[in-house]
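Structures given as structure tokens follow.
Shared chain: chain A. Partners: chain B in the first complex, chain C in the second.
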Partner chain A sequence: MREPNIYGSDTLEQEGTPEFAPAAADLPPWGKTTVVGAPVPRIDGHDRVGGTAVYTRDIALPGMLHAAIVHCPHAHAMVKRIDVTAAKAMPGVRAIITCDSPEAKIPWILTGQGAFSQLLDPHCRYEGEEVAAVAAETPLQAADAARAIVVEYEVLPMVVDYEAATKPDAPKLHPMGNQPSPTRTSQRGDVQAAFAKADAVVERTFRTPCEPHVPLEVHGSVAQWDSGKLEVWDSTQGVYAVRDSLAIAFKLPLSSVRVVSHYMGGGFGGKLELGKYTVIAAVLARHTGRAVKCATTREDTMRSLGNRPANTITVKAAARKDGSLVALDASLLGASGAYPTGATSGYLFLDLYTCANVRVVETSVLINAGQARAFRAPGYPQAAWALEQVIDELAAKLGMDPIELRLKNIPTVSQLRSGQPYTSTGLSACLKEGAEKFGWDSSRKRPAGKSHLKRGIGVAAGMWGSPGGPNATVILKLYADGSVNVNSGAADIGTGTKTIFAQVAAEELGVPVERVRIEYADTASTQYAPSSGGSQTILVNMPALRTAAAAVKAELLALAAEELKQDISKLSVRDGNIEIAGDTKKVPFSALRSLGQRQQLVGVGRRAPHPAGRVALPFAAHFAEVEVNTRTGAVRVVRYVAAQDSGRVMNALTFENQVLGGVTMGIGFGLTEQRVLDRQTGKLASGSWHDYKIPTAMDFPVDFQCLPIDPQDTECNSTGAKGLGEPATIPAAAAIANAVCHAIGARVYDAPITPASIVNALASKGRK
Partner chain B sequence: MLPTFTYIKPTTLDQAVRELATPGARACSGGTDLLGCLRDRVFTAEKLVSLNGLTELRGVTELANGGLRIGALTTLTEVATHALIGAKYQVLAAAAAAAASPQLRNQGTIGGNICQRPRCWYYRGDFACARKGGDICFAKEGENQLHAIFGGDVCVMVHPSDTAPALMALDASVRLVGPRGTRTVPMGEFFVLPSKDHTRETVVEPGELVTELVLPPPPALAVSTYRKLRARGAWDFAITGAAVALGLRGKKIESARVVLSGVAPVPWRVEAAEKELVGHELSDALIERAAQRASANATPLSGNAYKVALVRGAVAEALSDLRDKG
Partner chain C sequence: MSDRGKQGPCGPQGVSRRGFLTTVSSSAAAAAVVGAVAPTVAEAAPRDASEPTPIVLHVNGRKYRLAVEPRETLISVLRERLGLTGSKPGCERGECGACTVLLDGSTRYSCMTLAVEAQGHIITTIEGLADGEELSELQKAFIHEDAYQCGFCTPGQVMAAEGLLRKNPAPTMDDVRLGMSGNLCRCGAYGHIFKAVQKAASTRRAGGAK
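Right after this comes the complex of A and B.
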């Protein structure tokens, strides 16, 4: 309920490192690895594709009931009266709660200014807001009963256009108005003075659409109570975050709340927080003394369960003749939805390029639509869409190559963090080696084509500004037969986290990957890990696992040295055996009597703090070639190179897959996806997968190359990995937009670039 | 959630027609459109009459006159890949192949494809729109970027079928069986404009069933194609499309059909473009003139003027394709 402020630059301060005894110390960096980095197939791949993986929706507990939620059909309305008489009498119905029930008052959207709403709020501020819920014996009975609940609404004036919502006469969502947090300005230097002295100045306004996350697995929970303790299965990226919020909602000690999230079908930031469906399941379970499943619908994910907020961004940028950037002035407006949350990020303007004079003004405004949530690099793809297009326009004005202009302005320090140096920065290498692989120079000179099919290429750069939290604990157990259990609270949201856990344990402990079992994402039985979001899962948890594995290895070697009467310095581990230097004999771990007697060796690992005075962040540069059909407005991405400095590649397969997914998402952002709300009613028009157009395999370029750039970072953490999920999508749409401009000689400022955009851009070019 | 309905699978056409005549009954074959409508509560059903036991309605047969009979239950995949259709009626094969996704084409039938309900987001969504018996067409003043630029009236939806314009370009006709016997309706008279009746898309009466499509023999020298413009590479309806069929003598066009998809509440035949083509050879200049003609007299709404350019583009692409092939 209390959302982490994932959008603001107030997250700049690296999270303080808690002190544990003994103090956590990272191992020295790996040199060459054998298992880590290899193309190891996912250890749960067969289960995922074969249908045996149990997702939250598959959970069926004995006696379990099913919940259905009644949603407000209006964009803005007040509930006047609810009649549950008919619903109550329907077959299978076991419990009904409405906004008149005591539990309805559970506070929701907790902020510094207090709670903005409640679990079932009679004041409905968007279409889809929850007003009542039913638990029944079957899903169909629950749905029928929910439809039989009669709700009378007073429909209120609404606003869904976020630019209109800032106006003084706009309908107000909350008593304090539509802008609960003041406009924030971040600046350094003097932009006005710099503009006056610059050789080239460009000013443009860009718009980006609202995009729901549309994870393949929709949100949902199963809840049951056991002797006053709450157990919840939830499709979530962070079991510990959900546990904490549930403990607040039900006023329970943390130890009385168990949250489990095993197989997950995607989150993208939309499953970082506690959902109302979870609390509704828990309330209904308490009423009935039965387990209750509350599964949401696809429409819910489109309307209510988070989105990437629409942005309007005006950027003024200036450079000198030699290409050095002298000023960036950006004004960002973002649509939070019906409840406050930051809806913009100025980070890229402030830190991607060296620039002495920067001003960023950020405003988030409320509208009568579902609340925004973190979405794969919150605010960054929107900012990259604007910044990276303006950089291209500056290059054009200066007569410079877009890559040359970018290379002219690569920082080696974080200007936002008082000039602290990066542990490594591969931004230059991403641009240079990516350009080389792409064949930038020759492609850029090639004419767009005389026919109606125009080819063009474009580039965009990006970075991700969060180094992740350092606090995680991992426990590793080596059993008597040489098999291994890794225990971590981290969720594997589909990115392959479990497989990388197994690889790291195998690498460190000399055991085969197949002998490592991962026990994960269960607050009752696994160790604390932060939520799997913000590209931090690998770099937070794997150093802790290395430490745990090293402790077990040290203990194992000591036991072996004693038992085998060998000098410990001559012993090493490999493929589940103890190997002795100068001796061909191998002793399987399982043959060690001392291990058998102990049954298990246990190592506890924590992560060391971030390096002092240094900043560890990932970078990227993407290159796209497009073909634009000027007759039909169709844009086809035909060729793509994604150069990623995310430090060490932990698994060659999951790395490429993560980048492929990020680029696909960027194609959706740049070309096809757009939530459409009806301006007359504020209700969702694009409510299905036909009308909300995620890209298909046919929209992805056949010629796609992922180019990992590994700067061999020995300082960032003991794995050398810097995080990949977010930076793999940040520059994608902007690279495509720049390629489109190169192809047709006209720029499209608003995403997505649809056939209509191309027709209009060509028409306005014709008028010039 | 689907409504509660009974399900029956007749084995004879007579039985199917009898069952369909009962109130609340709806025909179901591939179900790719019907189940979505029921699930989204666009309309409801008390009884689903499965047509899948009527094997005689499946498959493609060559007629004695050189034409073709396509059973209504023939899947889009079968239509798209059938050798005779591919050889003699390319526009239909291309249109069937351009519809939906491979899974939907394997399941969906040609009869269902021409009878499918509108894809307008107001019609499919939680809006009491005119076509569903409400008072207004929300698209007129609302989100109409995908809507009609021709033939709009009380309703400005666009007909979603790809195969219907192709069949119209081929001068196909539809065979219907109902309680009062059989009848044959030319494709050009099969669809209903909203100005005539905005609550129905076709002339199919309650209890009636599309049993087959009849294609006349093509002209001795015939070329045809379908060009579909869409927002993404697959699994999408046409923003604009052009089905073009030409009868040739040497290089000279003797007959022409130009039918647009995605721009009107019915497949939209543009006779002005056809007239422009007849009597000439395909040249860049002719293609340009025909494309201009096809887009003339459009009446775009607030958000879809771009479709006028797309009509020109789709027709030009289709004609260029035929010229290159010829």
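Right after this comes the complex of A and C.
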């Protein structure tokens, strides 16, 4: 319920690492690895392809009821009266709650300024806001009863255009107006003076669309009570975050709330927080004494359950003749939705390139629409869309190659973090090696062609600015037969976390991957881990696992040395055996009597703090070739190279897969996805996948290459990995936009680049 | 719809369910009369959509006798009544393909198919591809190529690929893309899905394996 401001570039570091006793210390970095980095197929693949993986949506508890939610059909309205008489008498109905029920007052959207709403709020500030809910024996009975609830509304004036919402006469969503947080300015140097002395200046305004996450599994929960304790299965990226918010909502001790999320069907940032559906399920479960499942609908995911906020970004950039950037002045306006949350990120302007004079002005405004949430690199793809196109325009103005201009301005220190050096900066390598793999120079010179099908290529760079919260605990158990259990609260949201846990355990302990079992994402039985978001899951949890494994290995070797009467320095582990230097004899772990007597060895690992005085962040450069049909305006991405400096590749298969996914998402952002709200009514006009178009198999370029750039970072953490999910999507849409401009000689400033916008750009080019 | 409501027997509210059914059955009767054969058309009382109707479904080689509401979709019956939760509800309105099953060997969105319509057809779900715990070559290819991320769309992707390969054992890359284009993957694993389908196709051709 409490909204972290994940967009803020003012709060760079997450909460500090607490001091544990004994102090957590990371192991020395790996040299060459054998299991880590290999293309190990997922250890849970059988369940995923067999249909036996149980997702929250699939859970069926004995006696479980099904919930359905009543949504406000207006963009802005006040509930006047709710009549549940007819619904109550319908078959199968077991409980109904409305905004008149006592639980409706559970506070929602808690901020420093207080609660902005409540669980079932009679003041509905967007189409789809929850006003009542039903629990019934079957999903159809629940839906029937929800439809039979009569709600009378007083419709209020509304605003869904975020640029209009900033005007003084715009309808107000909250008493304090539509801008609950003041405009924030970050600056260094003197941009005005720098513009006056520059050789080339470009100023442009860009717009990016609102993009809901639409994970394949809709948000949903199953809740039940057991002697005053709450048990919840939730499709979430962070069981601990959900537990904490549930404890606040129901005034329970943390130990009385269990949250489980095993298989979960996609999140992308939209499932980092407690949802109303979860609390509704828990309230209805308490009323009925039964388990209750509350699944949302596809339309809900498009309207209410989070989005990448629309941005309007004006950038003025200046450079000297030699290509060095001298000033960047950006103003960003983002649409938070109906409740406050940061809706912009100025990070890339402030830190992607070396530039002495930067000013970033950020404003987030409220509109009558579902609230924005973190979405895969919150704010960054929007900023990259603007910055990376302006960089290309500067290059054109200076007659420079776009890659050459970028290479001229590569930072080795973080200017935002008072000039601290990066542990590694693979940005130049991404640009240079990516360009080589792509065949940049020859492709760039190739003419666009005389036919109506024009080819063009483009590049864009990016970085991700969050090093992740370092606090995590992992427990590893080595059993008497040499098999291993790893225990961590981290969610595997589809990135392959479980498999990488198994690889790291196998690497450290010399056991086969198949003999490692992962126990995960259950607050009652697994250890604290931060939510799986922010590209931090690997780099936070794996160093903790290494430490746990090292403790077990040390104990195992000590036992073996005593039992085998060998010097411990001569012993090592491999393939489930103790090996003795200078001796061909191998002793299986299971043959150690001392291990059998103990039944298990247990190691507890914690993550050490980030390296002092150093900044560890991932970088990327993407290269796209597009084909533009100048008759229809259709754009096809035909070739792609994604160069990623995310440090060490932990698993070659899942690494490439993350990059494929990030680029696919970028193709949607750049070319097809756009939430449309009707300006007359404020209602969603893109409430289906026929109207809200995410990329399909037809949109993905078959000619795709992922190029990992590993700078062999020995400082970032003990794995050398720097995070991948987010940086894989940041530059994608901007690279496509630059390629489109190269193909047709005209630039489209607003995303997505639709056929209509191509035709308009060509028409206005013709007029010039 | 509203124009027809104004002109028809249903008043300004539009076509009521009963009115619509009456219209449909009388035009069917008219067509039948024109077609020389003139059977007696009984004025069937419209059935309540929630009234249980006995049906028999053939799923993964087994016969199930059930009483379902006529409005219940095949995916709902597979999941809620037969416990076959491998087929996933991604949208429940024919947009994403996560619920794809085979009906007589052809791919079908089970959310757009009423359970009553599925009678008399051979239904294969993701649970019907493996032989006990032994996965099919196609399923193994999905694992080998890492052709998924979160896995929620995966059963539908596998069934779409199965339907494609039964119709076209040697698909080109364009055939694969088109064949898989009715199945959305928000994680964006399409590139690996293409590889898995092609790998399975060549394994099947080489070994005649299932």
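One rule holds in what follows: the second predicted complex is superposed on the first by the 766 of 768 C-alpha atoms of A that agree within 3 Å, B and C clash if a C-alpha of one lies under 4 Å from a C-alpha of the other, contacts with A are read in each partner's own complex, and residues count from 1 in each chain.
Basically, contacts are C-beta pairs under 8 Å (C-beta built on N, C-alpha and C of every residue); 3 or more make two chains touch, one makes a residue touch a chain.
A quick note: this is a predicted structure, and the numbers were derived from the prediction, not measured.
Undergrad: So, does A:575 touch the first partner chain B, the second partner chain C, both, or neither?
TA: After superposition on chain A, A:575 lies in contact with neither partner.
Undergrad: Now for A:154: first (chain B), second (chain C), both, or neither, which partner does it touch?
TA: neither
Undergrad: In the overlaid three-chain picture, which partner chain does A:226 touch, first (chain B) or second (chain C), both, or neither?
TA: Neither: A:226 stays clear of chain B and chain C.
Undergrad: Quick one: classify A:514 as touching chain B (first), chain C (second), both or neither.
TA: Neither: A:514 stays clear of chain B and chain C.
Undergrad: After lining up the shared chain so the two structures overlap, which partner does A:268 touch, if you call chain B first and chain C second: first, second, both or neither?
TA: In the superposition, A:268 contacts chain C only.
Undergrad: With both complexes superposed on chain A, which partner does A:661 reach: first (chain B), second (chain C), both or neither?
TA: The second partner, chain C, only.
Undergrad: Would you check which partner chain A:441 touches, where first means chain B only, second means chain C only, and both and neither mean what they say?
TA: A:441 contacts neither chain B nor chain C.
Undergrad: Residues of chain A touched: more by chain B or chain C?
TA: The partner making contact with more of chain A's residues is C.
Undergrad: After lining up the shared chain so the two structures overlap, which partner does A:760 touch, if you call chain B first and chain C second: first, second, both or neither?
TA: The answer is first: A:760 touches chain B but not chain C.
Undergrad: Just chain B (first), just chain C (second), both, or neither: which does A:404 touch?
TA: In the superposition, A:404 contacts neither chain B nor chain C.
Undergrad: By the touch definition above, which chain A residues appear in both interfaces, chain B in one complex and chain C in the other?
TA: After superposing on chain A, chain A residues 139-140, 144, 688, 690, 695-698 contact both chain B and chain C.
Undergrad: Give every residue of chain B touching chain A within the complex, in rising order.
TA: 1, 40, 101, 119, 121-122, 124-127, 138, 141-143, 145, 229, 231-237, 239, 304, 306, 309-310, 312-314, 316-317
Undergrad: Okay, in this complex, where on chain A does chain B touch?
TA: 73, 139-140, 143-144, 629, 631-634, 636, 671-672, 676-681, 683-688, 690-691, 693, 695-699, 754-756, 759-760, 763
Undergrad: With touch defined as at the start, can you tell me which chain A residues reach chain C in the complex?
TA: For this pair, the touching residues of chain A are 39, 41-42, 45-55, 57-58, 60, 138-140, 144, 213-218, 263-268, 297-298, 493-496, 653-654, 656-658, 660-665, 688-690, 694-698, 700, 702, 704.
Undergrad: With touch defined as at the start, can you tell me which chain C residues reach chain A in the complex?
TA: Residue list for chain C touching chain A: 50, 69, 71-72, 76, 79-80, 83-93, 95-96, 98, 125-127, 129-130, 133, 135, 139-140, 142-146, 148-155, 158, 173, 176-178, 180-181, 183-194.
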